[in-house]
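When the chains are written out, they are named A, B, C and D in that same order, and each has its own residue count from 1.
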Amino acid sequence: MTDPPLDQTLRSAQAFVRDALVPLEPLLLAQDYDRLLPALASARDHVKALGLLAPHMPRGEGGLGLSLADFGRLSEVLGWSPLGHYAFNCQAPDVGNMELLHRHGSAAQKARFLAPLVRGEVRSCFSMTEPERAGSNPVHLDTTARVDGDDYVIAGHKWFTSSADGAAFAVVMAVTNPDVPSPHARASQILVPLDTPGVRIVRTIPVMGETGRGWFSHAEIEYVDVRVPRANRIGAEGAGFVLAQERLGPGRIHHCMRWIGLAERALDVMCRRAASRELAPGRPLGAQQAVQHWLAESRAEIHASRLMVLDAARKIDDAGAHAARVDVSLIKFYVAGTLQRVVDRAVQVCGALGVTDDTILSWIYRHERAARIYDGPDEVHKSVVARHMLKAYGVDVAI
Amino acid sequence: MTDPPLDQTLRSAQAFVRDALVPLEPLLLAQDYDRLLPALASARDHVKALGLLAPHMPRGEGGLGLSLADFGRLSEVLGWSPLGHYAFNCQAPDVGNMELLHRHGSAAQKARFLAPLVRGEVRSCFSMTEPERAGSNPVHLDTTARVDGDDYVIAGHKWFTSSADGAAFAVVMAVTNPDVPSPHARASQILVPLDTPGVRIVRTIPVMGETGRGWFSHAEIEYVDVRVPRANRIGAEGAGFVLAQERLGPGRIHHCMRWIGLAERALDVMCRRAASRELAPGRPLGAQQAVQHWLAESRAEIHASRLMVLDAARKIDDAGAHAARVDVSLIKFYVAGTLQRVVDRAVQVCGALGVTDDTILSWIYRHERAARIYDGPDEVHKSVVARHMLKAYGVDVAI
Amino acid sequence: MTDPPLDQTLRSAQAFVRDALVPLEPLLLAQDYDRLLPALASARDHVKALGLLAPHMPRGEGGLGLSLADFGRLSEVLGWSPLGHYAFNCQAPDVGNMELLHRHGSAAQKARFLAPLVRGEVRSCFSMTEPERAGSNPVHLDTTARVDGDDYVIAGHKWFTSSADGAAFAVVMAVTNPDVPSPHARASQILVPLDTPGVRIVRTIPVMGETGRGWFSHAEIEYVDVRVPRANRIGAEGAGFVLAQERLGPGRIHHCMRWIGLAERALDVMCRRAASRELAPGRPLGAQQAVQHWLAESRAEIHASRLMVLDAARKIDDAGAHAARVDVSLIKFYVAGTLQRVVDRAVQVCGALGVTDDTILSWIYRHERAARIYDGPDEVHKSVVARHMLKAYGVDVAI
Amino acid sequence: MTDPPLDQTLRSAQAFVRDALVPLEPLLLAQDYDRLLPALASARDHVKALGLLAPHMPRGEGGLGLSLADFGRLSEVLGWSPLGHYAFNCQAPDVGNMELLHRHGSAAQKARFLAPLVRGEVRSCFSMTEPERAGSNPVHLDTTARVDGDDYVIAGHKWFTSSADGAAFAVVMAVTNPDVPSPHARASQILVPLDTPGVRIVRTIPVMGETGRGWFSHAEIEYVDVRVPRANRIGAEGAGFVLAQERLGPGRIHHCMRWIGLAERALDVMCRRAASRELAPGRPLGAQQAVQHWLAESRAEIHASRLMVLDAARKIDDAGAHAARVDVSLIKFYVAGTLQRVVDRAVQVCGALGVTDDTILSWIYRHERAARIYDGPDEVHKSVVARHMLKAYGVDVAI
């Protein structure tokens, strides 16, 4: 049996997002998780039946085997709704954990952790950021994993472990080799089932007015002498930082792809309002020059974002993530900025309606303010790009 | 007995805000109204005991009798916390209703509606905006008040009637004279106790992820043949639009004064983080040039905002609201923009912490996005200013 | 003989620009036309010897036959220097006149006017804009061409007829059919040798401090009863506006392509300064975070500009200029804005040096401020894009 | 005889600027110094006859004795034209040299150098910046002044010694004490008559397309063993840096005051064009919402600038320059930014006319791009402000 061509996949996905997922968004906006979560589970079953689950994973691992560039086009379609990626089981942080286990997991790890993840039967989380340490500098970690016989005993304090609530396991970043000279070689990544004794979810961190639940949440976690087999370590001891970097490149472009979908959605809301709201009989809001300029600027910036993201994706497909790391830093701040500006303009065009939860704009406005922060703030990515540029002129500047 | 000098009032208010109100903010951020509302009632009792309640009202009406310029300085102090104005009983929309009744209320209206409002015993609301009508064009209203004997019978649909939940009465804007040629002379303002039959609060509109409660809420209301005495009309029949304009001038400058307090608060959070968070041992976040530039730009814009607001307040004190209407439009968009930029920078400096509800930033970021919209969007105010400027050059452009 | 592949053409052009043209720029900056103009003539001879003259023209007309997308890549290379396009004989306004005559010229017009133009033996100009008429609305023209026997007698006042000084002929836009109902069908384009009696160059308009000379100048011209044969009309009577529109699409994308080269040049100057200038021993300017951010933002915006311009060029190659007219409006304002921002940052990085004529920055800063104005100001292009967007939502707004 | 009240002075100055100086501006725009310079000399005679020369100087030194705040109001009036300050003999760099000599000059220095300067009979210049040293870090200087008997022998290379062409003397900053530990105590300021042997004006640096002449020029100078008496040193040996700092504070606020005048002028040009240019019959340019927004934003930013500058001036009048140094850094970058934005908008509103030398805009656009650079670039001033802010939070960050 041959794969359906990409265009057909995109059409199927688009129809599903608009017909089945957008109607569920009011439950998200109302924070009605009691009804939302089962509805999403059912939606995911439909996607599985369509054969579109885990589109980013190789076919051998149970996915659809899309290239990154093709996944980028699909991701924009899914990003139209905040529910899209989840329904198709290609949502962060699971998508990163799948790729990590696919590349570096042992056979046993794949069987136990990866397979049910790809099938969408369980969720996972990634536990790296610590409240007392600057997230932009992940070589500074206080969490430790001490060897005790065949086990690691993990102790530490993490936050922004997104989606830990209800997850089956976490990938925990912990210092295993504190005495190694290079700070980049001290940490390891370790699989920790969340029902392991000593794992304590302190709270679900309220973010922008919402505590969330399940996948839609961000946990603060204490690891109090949590004991797991050393066989749960992913990759080599001390490889944690390298694996984290390897994860972040594709993770960032995944976000960029999704943001383009969200930005298109916000622009659609803006256009609908501009076309339908009348300032005076027969004079739509869109007749205002300021509104016209916002529409055009938004279209230009989204168009630029899409072309740059697909260009970077093709580069990763062709030459690998390392070759495109500067491109990824470039799109990370550019597309995040585009999203924020487009959503802000859409809110302004919608007026009082724009700040209510009657449209999707408020959700995007609030939850994607973090886009300029997570996976490296704008400031770090800009300096990464500049440093690379200046190397071509013979100087190496710190960032 | 003489009044305390302004500086002493400012010091007392500042101490109260920081010592008594800021500690209550976590209840606001947690949306824990069961505990917040009684605590605020108690705080207001303390303010009353300090003799500082309703500082904007004349002494004869039970207030402190501050000039607008002096109230401006106090308002910045109160604006440091989203709870400040409420605790001092000078919060919108009550402040506008107090001024309206003070200026245009009959003796009976003052006794029944104004006096308990000034004493902080009841709350009120202002019911003008309609969901199907552009808020920026208040001459288009569908709500009507039909005369029937000695009564008005009010029918219509309003939203963003802020703080209606739990309020004692509303000032309702309704068309009483639909056939008058000038659209500016068709509506009247009518006092409607909210327990009058036919008043139906459809819902509390969820705004930026929060439904709110009591003062912290925005109602959608249906008026289904609501019958009130004609004596409840404030001012002349058909004067509704003129009274609304008269209200909006001071209302806007009140917001600007408050925003300066909020902007200072956000800047304080930003500075604390820049000073305390370390990127590396001994290197605070504030050593970063980007952070330094955001601090300086924020300081400049807040400084500019304060000087312009006080300048406009003095002009109103000296020459009346009409003389300063262009100045008010100028500060409305300038200060709202300053607040949004300062808060956005503060969020970025705080990183992941900035999007949580662990600081006040998220609340400001979400709830004051509307600052550029309510009481006239930026776009309208800019055109008002430009139209005035161009008149000096001999042309009259529509806005 | 087969054509050299594009990459080889690009390399040859790049080498020539950097080795032969950049060294001539000090003459341009010093406004030393006595030495510059002969040097440029000599440079053009070398380009002709390389077989690279008129790369945009079909081989049948004596050009290189590049597609628009390929010309776009070459144009960026040439745009590195303000002298590039001229040396390769693909500079505005001649490039537009060549295309016009190629598409719509009669055999006699091609022989007399086009052939020497393609060979680089003469220059030409385009005389449309009038001082008393808004350039953004070219249907309003006061210049007339009255039929008298076999001749037109042209009378009118034009300005910003760029490069008229020393040109062999102008293409003049004049009203031939004032009584036609549609204002879009009143004007025609007419070839006028500049030595025709009645052509009076009033002055070379000083622009941004420079009067210029020859190709580097902008003329104000009076046409005082200028008599030319009716056979000098290009295309049908009344087709002037249509031909002007046809000209402007490619004309705008040509500018965008060139601006990318200029923006890259400014970025190169910025990088060199950031790498070489020391704030303190061992601490280059580029170690400053603000400089790093400007570099990265410039790189992002130029990258976005290039991808969008090439995307539009491919669309024109594939589907024609009309299909891509909205894309062209999009890039017109986006790329012009990119250029202005990049140059402004480069000036700031260079400090006092940046405002001198010791670098190319001052020239770009001054002469390309007009990029946001000529061939339609930003405001018009944004509204064109928005109008197109809103049509998809069922409304047609005026622009 | 009593002084004329300030308002009368302002009215006289305003009338003179508009009636006598604005008509001379076309000579400036045409770089016609042969006619401009004598006309300006004559204008200055008229100002002297009005008794308004050197308004910033104390009456005892031959000036008008205005406070800084009052001079600020006058300076805005003069700044309306680039010729205003020169005509009133309060132009940089002479104004700084007058203040320097007034405060720190010996009686002999005052008699020989200051008196003719105040009377407007000679001009002077300030020779500090060096081409190979970052202007933002004036403690790094290569120019030396070696003691030889009763003389200094000065050797070094300076540029941006503004107005050296035709000046009677320079104040030269040179290292006299290279071995002092503190780099802030190594340089001295020395009076050097420009006809002293060894002073070589290498060139007048072309800036933004203009070489200029006389006061309107910027010199590159070599000092080749220039011998002057040690009595020409101003103030103590090693005090050069301190004196330079003392000079820069008022110097910066003088620029800010002048920029407000220029910004008002640009806004006036913008308004005139918006009111008079028609897009279509009966529809002025100012009917466009984008133009209206630019007008309003410009008005807001200029209003903010003026209030902040006067606030800082009053602070200097009351508490001295040191107390207001952070205020001065704040206005330096804010007002320079305002000017650049206002002029840029004015150019855009004027379209093609805006880039010609037919209006004053081109001159402002070109020559005041340096406003964000000279006397400390924006970046330095922002960091100065931030550093001061963060000190209040207990940290001292480098800038």
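Simple rule for what comes next: a contact is a pair of C-beta atoms (placed from the backbone, for glycine too) under 8 Å apart; a residue touches a chain by one contact, two chains touch by 3 or more.
In UniProt terms, the chains line up like this: A, B, C, D = Acyl-CoA dehydrogenase domain-containing protein.
Keep in mind the model is a prediction, meaning the values are calculated, not measured.
The chains in contact with chain A as well as with chain D are B, C.
If you compare B-C with B-D, the chain pair joined by more contacting C-beta pairs is B-D. Seen from the C-alpha centroid of chain B, the farthest chain centroid is that of C. Averaged C-alpha coordinates put the centre of chain B at 44 Å from the centre of chain D. One simple way to say how far apart two chains are is to compare their mean CA positions; for chain B and chain C this gives 53 Å. Averaging Cα coordinates per chain places chain A and chain B 38 Å apart.
Each of the following residues of chain C touches two or more other chains: 288-290, 293, 379. Residues 271-272, 274-276, 284, 286-287, 289, 291-293, 295-297, 299-300, 303-305, 307-308, 311, 329-330, 333-334, 379, 381-387, 389-390, 392-395, 397-399 of chain B touch chain D in their complex. Interface of chain D with chain C (complex): residues 29-31, 129, 131, 134-137, 140, 159-160, 205-210, 277-280, 285, 288, 290, 347-348, 351-358, 362-363, 365-366, 369-370, 372-374, 377-379. Of all residues in chain A, those touching chain D in their complex are 288-290, 293.
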